[in-house]
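Please read the structure below before turning to the comments.
The letters A, B, C and D name the chains in turn, as written, and every chain counts its residues from 1.
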Amino acid sequence: MLTSQNNTKEKEGRAMILERITSKGLAHFSYLVGSDGEGAVIDPRRDCGIYVERARRLGMRIRYVFETHRHEDFVTGSVDLSRITGSTILHGPGTPFAFGSTVYDGQEFALGKIRLKALHTPGHTVESMSYALYDTTAGNAAVAVFTGDTLFANGVGRADLEGPVPEMAGLLYDSITGRLIPLGDGAAVFPAHGEGSVCGIGIGKRTVSSIGVERALNPALQVSREEFVRQRIEERHELPAYFKNVEKWNTDGPPPMEGPPRPAPLRAEEISARLHQDALVVDVRTPAAFSAAHIGGSYSLWLDGLASFAGFVLPVSAPVLLVAERLEDADRAARYLLRMSYDRIEGYLHGGLETWYAAGYTCESVPFLPVRDLAQYLSEGRRVTVLDVRSIREWESGHIEGALHIPAGQLERRTAEVPGDGPIATICGTGNRSSFASSILRRRGFTDVHTVLGGMTAWRNMGR
Amino acid sequence: MLTSQNNTKEKEGRAMILERITSKGLAHFSYLVGSDGEGAVIDPRRDCGIYVERARRLGMRIRYVFETHRHEDFVTGSVDLSRITGSTILHGPGTPFAFGSTVYDGQEFALGKIRLKALHTPGHTVESMSYALYDTTAGNAAVAVFTGDTLFANGVGRADLEGPVPEMAGLLYDSITGRLIPLGDGAAVFPAHGEGSVCGIGIGKRTVSSIGVERALNPALQVSREEFVRQRIEERHELPAYFKNVEKWNTDGPPPMEGPPRPAPLRAEEISARLHQDALVVDVRTPAAFSAAHIGGSYSLWLDGLASFAGFVLPVSAPVLLVAERLEDADRAARYLLRMSYDRIEGYLHGGLETWYAAGYTCESVPFLPVRDLAQYLSEGRRVTVLDVRSIREWESGHIEGALHIPAGQLERRTAEVPGDGPIATICGTGNRSSFASSILRRRGFTDVHTVLGGMTAWRNMGR
Amino acid sequence: MLTSQNNTKEKEGRAMILERITSKGLAHFSYLVGSDGEGAVIDPRRDCGIYVERARRLGMRIRYVFETHRHEDFVTGSVDLSRITGSTILHGPGTPFAFGSTVYDGQEFALGKIRLKALHTPGHTVESMSYALYDTTAGNAAVAVFTGDTLFANGVGRADLEGPVPEMAGLLYDSITGRLIPLGDGAAVFPAHGEGSVCGIGIGKRTVSSIGVERALNPALQVSREEFVRQRIEERHELPAYFKNVEKWNTDGPPPMEGPPRPAPLRAEEISARLHQDALVVDVRTPAAFSAAHIGGSYSLWLDGLASFAGFVLPVSAPVLLVAERLEDADRAARYLLRMSYDRIEGYLHGGLETWYAAGYTCESVPFLPVRDLAQYLSEGRRVTVLDVRSIREWESGHIEGALHIPAGQLERRTAEVPGDGPIATICGTGNRSSFASSILRRRGFTDVHTVLGGMTAWRNMGR
Amino acid sequence: MLTSQNNTKEKEGRAMILERITSKGLAHFSYLVGSDGEGAVIDPRRDCGIYVERARRLGMRIRYVFETHRHEDFVTGSVDLSRITGSTILHGPGTPFAFGSTVYDGQEFALGKIRLKALHTPGHTVESMSYALYDTTAGNAAVAVFTGDTLFANGVGRADLEGPVPEMAGLLYDSITGRLIPLGDGAAVFPAHGEGSVCGIGIGKRTVSSIGVERALNPALQVSREEFVRQRIEERHELPAYFKNVEKWNTDGPPPMEGPPRPAPLRAEEISARLHQDALVVDVRTPAAFSAAHIGGSYSLWLDGLASFAGFVLPVSAPVLLVAERLEDADRAARYLLRMSYDRIEGYLHGGLETWYAAGYTCESVPFLPVRDLAQYLSEGRRVTVLDVRSIREWESGHIEGALHIPAGQLERRTAEVPGDGPIATICGTGNRSSFASSILRRRGFTDVHTVLGGMTAWRNMGR
């Protein structure tokens, strides 16, 4: 006879713990999972203190660190985390990691009342693993699976990183259909990335997912193996330059990171001196503030876009200086950059940009162009190059006639395509990427550059 | 052609938001769900500021408050939340609510890019509703369902609260099999309670669930309708006295709660004076501290058990005084009690128990009894009543021979069954419920009461 | 025989508690003082929860609320605080307060081991009181004095608020020399305001002060009574319009404030609709962001200057809309305004200004003018009105030849003095007040308005 | 002409910053002082992250670390802080420091608009320095002085640490009267310790002090030089064993400390294993909890007393295990111990004591003895040793007739004086030090030990 008497409140009866740690910027998901005081972390980020502290709070000892694969977009925290916690790092076979141990397909790991089972799911990379989660108190159906970059909400991993795409794409299809879908529709899907990541195509906004939901709704799973492979071949992926460095670090073991980044406050004079030593300025203020005044040569990179676009323009070896409205923003920017292997954050302009211009240094500006003015110029036939820096998908969903299209991430290496002899109006969705684009053009010597205020959104709403 | 260019980082492209707010004590789950700046709360708790603040942080306006049913174990926060946010309260049909609007089966509510669909799922109560969640960007499969007290991880709702059990249990079965399971195995299940709640039987430790997982693993769903109904009839449920008050409040609309509870600091003299005016003392310190010294007449109620057991002994009209190690604990205890409709928290003993005894007031104690000593007494045939206060399920899984069994929640009304003429050793799992039991016995005039240190866990580990 | 054995760590031996609560914006200092569980608050601010919470943390019951005088610049929190804590409000004689009790000169109040003694010190207002602090365990010398607006670090209170200045100034001199200085050089001075307040002249940056230090260093105390009075007569003080409302509220008792302000998130459409109903927009973003784009008609009021300048332009009855970079800033702005009796904060533009222009609404801009360009224009003899909006003191310490001087606080009522037929370049210290000034001019219909980037600081540093 | 126009709100006009950082336990005060972005720290504690973070928040670069002297009671953080911030360490002459630079009497240091002037004030130690603070904007009077352990609120430094007491005491008197008092009565006094420190005699509860107040109220300054020296000679000071280690570290430079301490969670089995390897258990729970059940051999050391008493019983080389109610307490205990040079904190018992006894391990108890029972025993002439462990001063202010007096700090080396053949009742102020004393006696093999509940406070209040 069952009863609803409250019988499980004593401390020995702990619930399964499953926490998703979201790292914004790269839209990275990592997980802390465990039971009865034993736990594991899946795909830890570089600044790994968060797992250590959460585990202590929960009274959980981290016994394992599981890597779903060698990440290309962020530096792994597994080596630091393993050192701090004495845990074992586990990753898939076939990549010459200088740390950790290799897990084989089918291997199981008990953590209190839960169990993780390793599944080899190559395709995104050759050693990609997924880890199925079982509740040992309840039976044999998998309750969830950590899918890394193999399967996302609404998307699948890219197959162009290691080996020939057709082959890798085939492996990916087989991994999903042969290893993941058999876990059952009910298994929740916990991937390594959410919407906004470049590690897969069309990752959706959904934060709830399951094998059943993906089987029903994921566009990539509605087609045949052939078509799936064909789609992967057709995809065009970006390869920010920093990926190479991250891959190397994630193979050899990254340099240790001590504590959270704390960029040093720098005075205007110190910033100025470093500019003469090839430091690059990353200005994370709003496009409006950048428009009005900024240090000449700065990149305009809004905070939420920093992780996505910095990798296209900053060499990993470059000393970086930050300009931000406030300390918290500089700290956040530094954290994002360190996760991407930018270890030379020299400091930030203390007191904000006003200390720069009050100290007598010159500023530059990039005028904002209202959509109404742009419309009028175009209707009057004035010569103005509309440079649309949105993605191909956005471009294809509608654009201004006669515009030139170069996605923001490609602009720096394709500035030769931009006509240098007249006004340029950069445009994107609302004004963040276009501000980034304008800053690239200004660095390359273009002088008559405007950022379209409100972008295509304002353009479409112009009738209001 | 799809591309992995980062195209969705602009602000207009917001992810679906789905947050679970866990209220410990009653193991209550509520949810904040939304998209594109529009949101809803499902089953808000009484101290509803948390939803207001989270929504502001997320830039989300709360448009709806959905009640899955008239809760019996906690006071709803829907009326306060609706007043503060201007949102509409929605609940199921057939209960004479004095507030909100009735939702009908099949009715849909759009919130940005998501959609909630109401499903009438009676059984736990007559007006129980579930709400299926759809991602309008991706297709027609439900991605999740908010199941209230209809379906839990590993359990189902109790069917004894309204109407005849056989009939309600049948409705419950039909609701689960006819309305929830057809949503598809992939739909995540988000219930109103987790492990430890008395609103359902055998709720599991799992925090991840789906229709598929429940279909495969939930014991209640492995049987026929007849057997399901029979099981519900056989269940024995507790009905703490405060339920009646909560049901009344949740029908008529509860008194507003202004801000978080801040029990007043009281000096020993003030506590003493209130004791003479029928105030009850709830001592939330550890059983060890209670054992050594406490104010005579106190209930020993450890913090994590307060929500489960206070309702069996405290009249809702009683003035309550708190004894705690520190302010945070007193605040937390007050919060738990206010959620249960105990609105007369008069204050807490400032400075802790030591200010009581240093002020010259007398203390009482309840000796701890080590399991080794208990074992020796029993082997020597000494007269000692072992009073086991665990649940029936725990009792049936093994107990000390000759022990008397009265679950902790029933003890106060069944003290007549306890022999008054010799030593009593209360025992539970590790020592929390037994300390509560000892405090009940001491209040009822039993003098020779001992709490078994470590309970049945220590008993089983005695060999060590 | 004395010993250094650690004998005072037991809980009964509590240190004297003295905490300064600084409210930025108005540079307001309030104090929590007490001992042995009994405390008092001096000059509480309107959002008084901070005292309640600190006192609970410290285990202190607030028994008294002392007002040093009827504040003119911020709404008192004494009535709310008294209601919440059951404490007694005490203020000086001669003002028809509708709440609290009158304290008489020489009256003493014991709080555990400390003692507060009331001293009537008129001059700033007729009923101004100071409160001397004694440590009853140690002897008869005053250890500190709460001086309200009578004596500041490096300054003294203004004497123009009530009654004829010569008379009030004489009273002020007599209060300081006759009542405060006799307390002894060692007495620490704790005033109601720090640097930046308009309640006194030349308040210094020092946060440490004493009677001795003020006697030695305070310029106002280095002169004769006659000269002191003469100086007070010569001072020119600002009287922001909101003072009148605050004085009325602080006499009659202000409307209660429930909880911290939480301005509602508003969409662009909602902001637009309210603009047509005479709501005023306060834009607290940086001058740079304001320069590039803002909602037409907005006031540019940087956060740290909001409390000082809003009172010159906003009617207390006006509905106010906020534009900020982030929620925290909107909350802070709302808090500042509510402290000044602006109770009609209707909400803030959710998502920041970009949601405004992305929605298709038009923006305005005010160009930044680099000091180099200004210098060149002037040297070329171009017609440009340099409008210097700094204080007289700053103006007198050096300014651009030919500039027009109108302090920022006076500009709105003196716009007739500004030539309307040519370009205007507003200038201040670094660019905050000039942005405010530009926003006033734009509201008044001036079109050719520029804000000088970096202000006089950049001007002086131009040589770099 | 002065005006109250708000003219100093621009960022360039920053207030002097002066923050006191209080480290509880050792009642240690350190200070962050600065102006215009330049700052210094006086007497930093070992876990020096707090200064780094505060300075960053305030936009202040730490340029100097001033040591008032070689501290004997806590490990200096100057070496770590200097390394992290690139600042210069400065200390007095005559001690062979292996780090930092020597400052000479009269040397001055400018930090923006403030100035610090070094004063050699030997007596407490030979190289003791004080640092006077000047506000360069206002004149030549010192506004404050950092006095280290030379002058406290209500007390003076002990003179027994280095060299012959008569000589050092004379130096101390001369330093105070010759160097500090001449700074003027108005100078605020900021010492290195507050009430509860063993670095001086009779340090008062006052948190506000000045030269004038000390001159008037400090008992040590009311007497002649001869009498002052005589008093110092008569004082009896404790010398906890760990002082020697701290002095060595503070001369040679302490081992670096990386981040805040995070003691590892240990299971009962791991604690048990370490007990067999000479680890010592420090139980920081309340005396009541300790009384009821604890691990045999534990020291009972309440958190607020840990810093004062651990040094008398724990060898600096001993591995330490912690027992606490919750993680925060274990962390706090670890922090206190690391500040005292205890670097071998092995971990804490995760889950609290209940996991120990539930695991089947035995516990011990020390009965609480109510004062009424003690009074009755004594009146009946029963044989019971009342062991009073308060300080001499408390003892001399009144005690139970016939009691044995051994201050808590001396008990471990004086247990031979305690009669071993009958019941012992330890008593102190309210029950913390007596619980510590009982734990010492139990470790030394005394079996019939009781802790008097409420101590002498309850004894005196017994009539109630």
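Everything below uses one rule, namely that contacts are C-beta pairs under 8 Å (C-beta built on N, C-alpha and C of every residue); 3 or more make two chains touch, one makes a residue touch a chain.
From a predicted model like this one, the values you see are computed outputs, not experimental measurements.
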From the options B-C, A-B or B-D, the pair that copies C-D, where over half of the contact pairs coincide: A-B
A-C or A-D, whichever has more C-beta pairs in contact: A-C
Computed distance of Cα centres, subunit C from subunit A, in Å: 44
Rounded Å distance, subunit A centre to subunit D centre (Cα mean): 48
Shared interface positions of subunit C, touching two or more other chains: 11-12, 354, 358, 430, 457
Subunit A contact footprint on subunit C (complex, rising order): 285-289, 291-293, 325, 352-354, 357-363, 365, 368, 370-372, 430-431, 453-455, 457-458, 460-464
Subunit B partner contacts - residues on subunit C that touch it in the complex: 11-12, 37, 52-53, 56-57, 59, 61, 258-259, 262, 265, 267, 327, 350-351, 354-355, 358
Residues of subunit C touching subunit D in the complex: 1-18, 35, 113, 133, 135, 137-141, 143-144, 154, 158, 184-188, 194-202, 204-217, 231, 234-238, 304-305, 308-309, 390-394, 407, 409, 428-430, 432-433, 457
